[in-house]
Structures are given as structure tokens and as C-alpha cells.
């Protein structure tokens, strides 16, 4: 039902899929700034504008971090789409699901930036943000598993060794994001540290594809 | 007046039309998240942040559902534009009308997400959301009827049988969306069920074009 | 200084210019919906949600009208860019100016939709909206005059007769928008009528280019 | 590690990089208008709508100025990407950093527009806005230094003289933006003047590339 020949049926090339995805990436990444808002009138009664702008540091951090996360997902999206040679209806829908999780990220980012320095809501904010990272990471893995299964949609010339390497890499990523999520119930600070380390690892260039 | 030769006149290729439409789709779909907002100060006085985030489920549902609807319209837009071989000024304007209805969707989505769990405004919210679905569905049908009439803009090689199939399919869709809309005056819950069933049907891949 | 040979200097093809402009058009047109907002708590104390949604008609009208205006400018932008064969730095900057006026439109649209049914602010809202229409119309004319002067950037094969036709057409448009603006100081209702008539005229397909 | 051969590794062409960047530019530039807001109820109690709209001049100025800044960065981004022949992972990440600073600009713009006419917050608003200009200017220089070092990513045929010219030009720009930033601690008005002069200089077309 979802064999490669479906491609003519759904009639969306990977090129169109990439262009649409790029649009969603570009918009989601740019909307992040809307979560940093002007002070309301009361906010400047007991502090100067300068102090207010300094005190926004959790929001700047959330902005920069989520910008980096989406930017890295965008770079990886391009990297991986060079390996995809076909698409089909199920894969298009999985890609829409992935974009749904990317578009959702500005909301956990806003929660994270708003409550990270509060005593009461700190742990919940971290947990919700990590959930926001688990979702795209998980749907990313789904896309890969669907596409790489029996080389359904990927370049046939890719070596089995390389395919297994990517599968392991994406499974491990998911494992660590999930670990961070569960860790946040007990040690929120540790899960923030884990999340930062994961992002730094992703800053390194992805592995060069290997062909047989 | 609106014959195919108009194409040189309006001078917009279907390719440009698609690129512009993709832009609008990508933006409308990403703007949906802006309707899920941070709690105001009062909202966290009688509940924890965690409870607040759980209680947002109607908004998550509305976000996911509208994301799916726009995503499916986007996929279908690409599917159908492969069948269109030409464009003319009237068709461009019909496409702008269709995009107007897609761009409008974030507002009924916000109404739906805000009031679906209230006693008082539940029925109105459902009705308004269904109206929000009727509009793109109707303008979509208009585009198809205009383009397929005497094969005005579509690929001449398409079989009559296939054209009739699509016409029937789009007319039925409209009928069911309208049914859902009218149903919402009496049985709002049933119309929500109908709306979900319709969306699930659209998750299936569209029919492969048939040529003579 | 701004001769065609500048083109290699600024190194932006008309194709890139169009893609960037399309992006701005698509975003400005989709942002219009953000001006239609959810009711605040007080708004639903003395009326039902259904009444509230009906009473938003001035906002729906403003949304549809501005969507149409931007949609038509988009269509015309494509039409006219088929006539432009080159670009230079000055023209790029004029195009940025034009896009600035298009991006500005959501604000006068919001003012128009908010105050059109008030007794006190009706005339100002109309005047400000007409100003919002005068600005893109004027910068559009500037672009054309700059590009068509001695066929600086346009296709050399275009007939003088056709060039003069377009110049006259754009000058007249500007005249009528300005007329509407000044009229709004005395007869706001008449200027709204004029504005609607102008939009309807633009719904007709533009004239087919004539070559010598 | 980051040699040109990395390109096959990261697998992103400069073309894709430009398309994504164009998306971010187009969105950031269009979001600027969202910072100009409708009057709240209290705002129209002591002044007419007309007076309110006149009194928004600092916001119009901030809107136009930031629109110009982003527009010029967009034009320069295209200019410079014609000189780049390759890309690698580090350069992609530097470009994401640059886009982060462009996307950030709507926030300092809002601060600038909100407080430029206040007695108390004027100097801080100017300083913060100048910081908002220093950031993209600085990351722009970083990109150039990385790409031009030993002609790592740029066209090999470019003359050394021309490369040195651009390096000096970008270093000087950064120097003047930083000067404006520091000046704002003592003479905010002078730093605004400097900022305007710099923008006007950038309105001139960039220098034509020289090849050996």
C-alpha cells in the first residue's frame, strides 16, 4: 500500500516536501522572538528599563537554545533528505507530524523562559520543555525507521553499515532526550545539563554517508 | 475572456502560484501555535503550572486538528496542481479566495480551543469551527469545477471517468462538511465526531490519476 | 551610476527579488488574521459568543478587503516582473520600500476593523486605511517610473504604446487613491465606496503586453 | 576538519542556505509591524484616534529604520553569497548565528519605538537598539572572516585586493556600530545620529567584485 510506486500517486516530490518544511522551519524559528515581550506598565515601577532587560536573561537563553535546536533540526533535515530518494503518502504524513512538533516548540520555549527562575514552577517548566524536545526527536526517528526499513525510500547504494549507524544514533538521541525528561521529575538541574550537552553534540557535523 | 490563452496575459505560471500558496500554507500552519498562550498571573493562583498545562488539552486538540487539516489541504493542493496544466486570471483569484479561507482557520481554531470545554459556548464554538472548515472545502470545490469544466485548465489526457470521480469526491466532502455544520445546531457532539471521521478519511492517500 | 551594468554589481537577479517579495507578500497576507482576536472575559458578559462573532463583521470585512488588496498586488507584482529584464541597486531599494508599505498594511487594517462602526473614530479610521492604500500604490508607481524610464530595466521589445498605457494606468490609480484619501476628510462613506470600486476594477485581468 | 570537502558531508548547498535565510529575512522583516499595536481603551480617553496615530511616530520611525536595516542585510546577504562557492558545517552554524541576530531585531526595535520619547528610558532604549545592530554586524564579520581565510569558501578568482577591501569595510562597520554602542552611554543622541549615517552609507550599492 505504501510502496515506492505510491510516489506517483501522492505526487509530491522530496523537493516540494523540503521547500514546505523549510518554510515551517523558518517561520517557527522566527516566531520565537515574539515570546520576549515589552514590559507592561507595572514592570517598570520598581526597576529601571535596564534592569528589566537584564532580568530577561532566562528568555534570552530559551530563545537562543530553541533557535539552536530548530536550526540544527533544519540542518539535519537537509542532510537526511539527501539520502531520501523517494517519498510516499505515509512519509508525507510523518513529515507533517514532525513539522507539527517543530511548530509546537515556541510554546514550551515560552513556558521555559517564563518560569525557569521561579522557585515554584521551575521543575514543571523544565519537564515541559524536555517534552517539547522529545516530540520532534521521536517523530524524526519514526520518519527514519519508516524510510530506511528495507531501504523503502532511501538511496539503495547506502551501505548497511551506515544505515545501522544512523539508526543507532537516532535511537540513542531519543533515549537521552527521554532520559532527560524522566530525570526532570527528580533532578531538574541535571536534565537541563543533559539537554545542553546533547545540543552541543549536535553542533558537530553529521557523519559523511557511506556507499557500498 | 478566461480562456487558456489568458495565461500569457496574467503571466503567472502554476509554479509561482504553488510557491506563493506554499508560503501561505506554511505560515498559517505555524501561526496556530500562537493561539496557545502563557498563563496570566491569576491563572496560576488556584492551580499549579502542571495542572494549567494539562487543562490546555482542548487547545492542544484544536492545534493538532487544524494542523492536520491544513497539512492535508497542502498535500492535496500539490496533488491537484499536478493535474492543472495552465492557469488564468479567474483561477488565480479563486486560489487567492481559497488561501483566504486557509489563513482564516487560525481564528475558528482559537475559538474552538477556547470554548470547547465550556457549558455555555460549546455549541457555538463547534459551529464556528465547522464553518471554518466549510469555507476552504467550498472554495476548493469552486477551483476544481472552474478548472475541470470542459478540461479548461487540467491535463487533457485525464480520463473522463477520473474527472467525474474527483468531482463526486469533492462534492461529497462539501456535503458532509455542510452536514456537520447544520448538525452542530442540534447535536454539536455528533458534528465533532463527523468532522474527525472526515479528517481521518483524508489521511488516506488520494486516488492515482487515470489517463485515457 | 544606476545603469543596467550595475546589475552585476548588486548581483541580485529579478528571480531572487521575486522570491523574497513573495515571502513578504505571503507573510503580510497571513498575519492579517492575527488582528481578529478572541473575546476578553468582559466581552461575553452581556452577549453570547454567537453575537460576539456576528459583531466582528467590520473585522471580517477589513480582513477580506486587505487580503484581496495584497493578493491583487501580489498578482500584479508577478505580472510586472515578467516585463522587467534586469534589476539594479536603486530598483532593489525601491522594491524594499514597496514591501515596507505592504508589510505596514496589517496595522491600518486593524485600525479600520476596530473603529469603522464607531461614531467617534469612523472618519479617522477610514482616512488612515486609505493612507495605507496610497503608500503601496505610490511606491509601485515609483518602481515603474524608474524601471520604464528610457526602458532602463524593462524588456526593450515592449511597444511605446503599451508602456504609456501602463504609466497612465498607474498614475490614474494613484490619483484615485489620493482622491479617496482627501475625500475621506469630508465624505468618509464616499471614499469607502471609491476604494471598493477601485479594488473591483483591479479584480479584472491586467492588459496583455504588446511588443513592437 | 572544516575543509571544503566537508561540504559533501554537511550536504547543504549555498542555494538551500540562501533560501532558508531568505525565509527568515522575509519573516523577521514582516513581524516588525506586529510591534505597532492598537490603542487600548484608556489610550483614547484623553486624545482622539488621530492624535494617537500621530503620536506613534517613534514606532513608525523604528519600524522603517529596522525594515531598512534588515532589507539592506538581505541585499548584502545575496551580494556576498555570490562570492561564496562552497559551504561547510561551521559556516552553516555561523549563518544560523547570524539569522538568530536578525530574528532578534524586532525586540530591540519594539523597545526603541516604545521608549525613545520618554525622559527616563531614552538612553537605555538607544543602547539596547544599538546592541541589536552590533550583533548581526559582528556575526556577519565572523562569517566573512571564516569564509575568506585562505579563500576557504570564496571564489578563488577574487583578487586579494578586493578581499582585503571587504575585510576592511566590514571591520570598519563593526567599529562604528560598537562606537555607537559605547557612545550611547554618554551621548545617546549622537549615537542615534551615527546609526542613521551608517544606514545611509549602506544604502549605496556595494562595490563590484574584482577578479585576478
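Quick notes on this one:
Labels for the chains are A, B, C and D, by order of writing; each one numbers its residues from 1.
Note that contacts are C-beta pairs under 8 Å (C-beta built on N, C-alpha and C of every residue); 3 or more make two chains touch, one makes a residue touch a chain.
Not measured: the values here are computed from a predicted model.
When the partners of chain A are compared with those of chain B, no chain appears in both lists. Using the average of C-alpha coordinates as each chain's centre, A ends up farthest from chain C. Two copies of one sequence, chain A and chain D, touch each other mainly through non-matching residues, since under half of the numbers at the interface are common to both. A separation of 26 Å divides the Cα centre of chain A from that of chain D. If you average the CA atoms of chain B and of chain D, the two centres end up 37 Å from each other. Each of the following residues of chain C touches two or more other chains: 19, 23, 26-27, 31, 34. Chain A makes touch with chain D in their complex at residues 19, 22-23, 25-27, 29-34, 36, 38, 44, 48-50, 53, 63-64, 67-68, 71-72, 74-75, 78-79, 82, 203-209.
Chain A meets chain B in the complex at residues 6, 8-12, 16, 19-20, 23-24, 26-28, 31, 34, 88-90, 92-93, 96, 99-100, 103-104, 106-107, 110-111, 114-115, 120-121, 124-125, 128.
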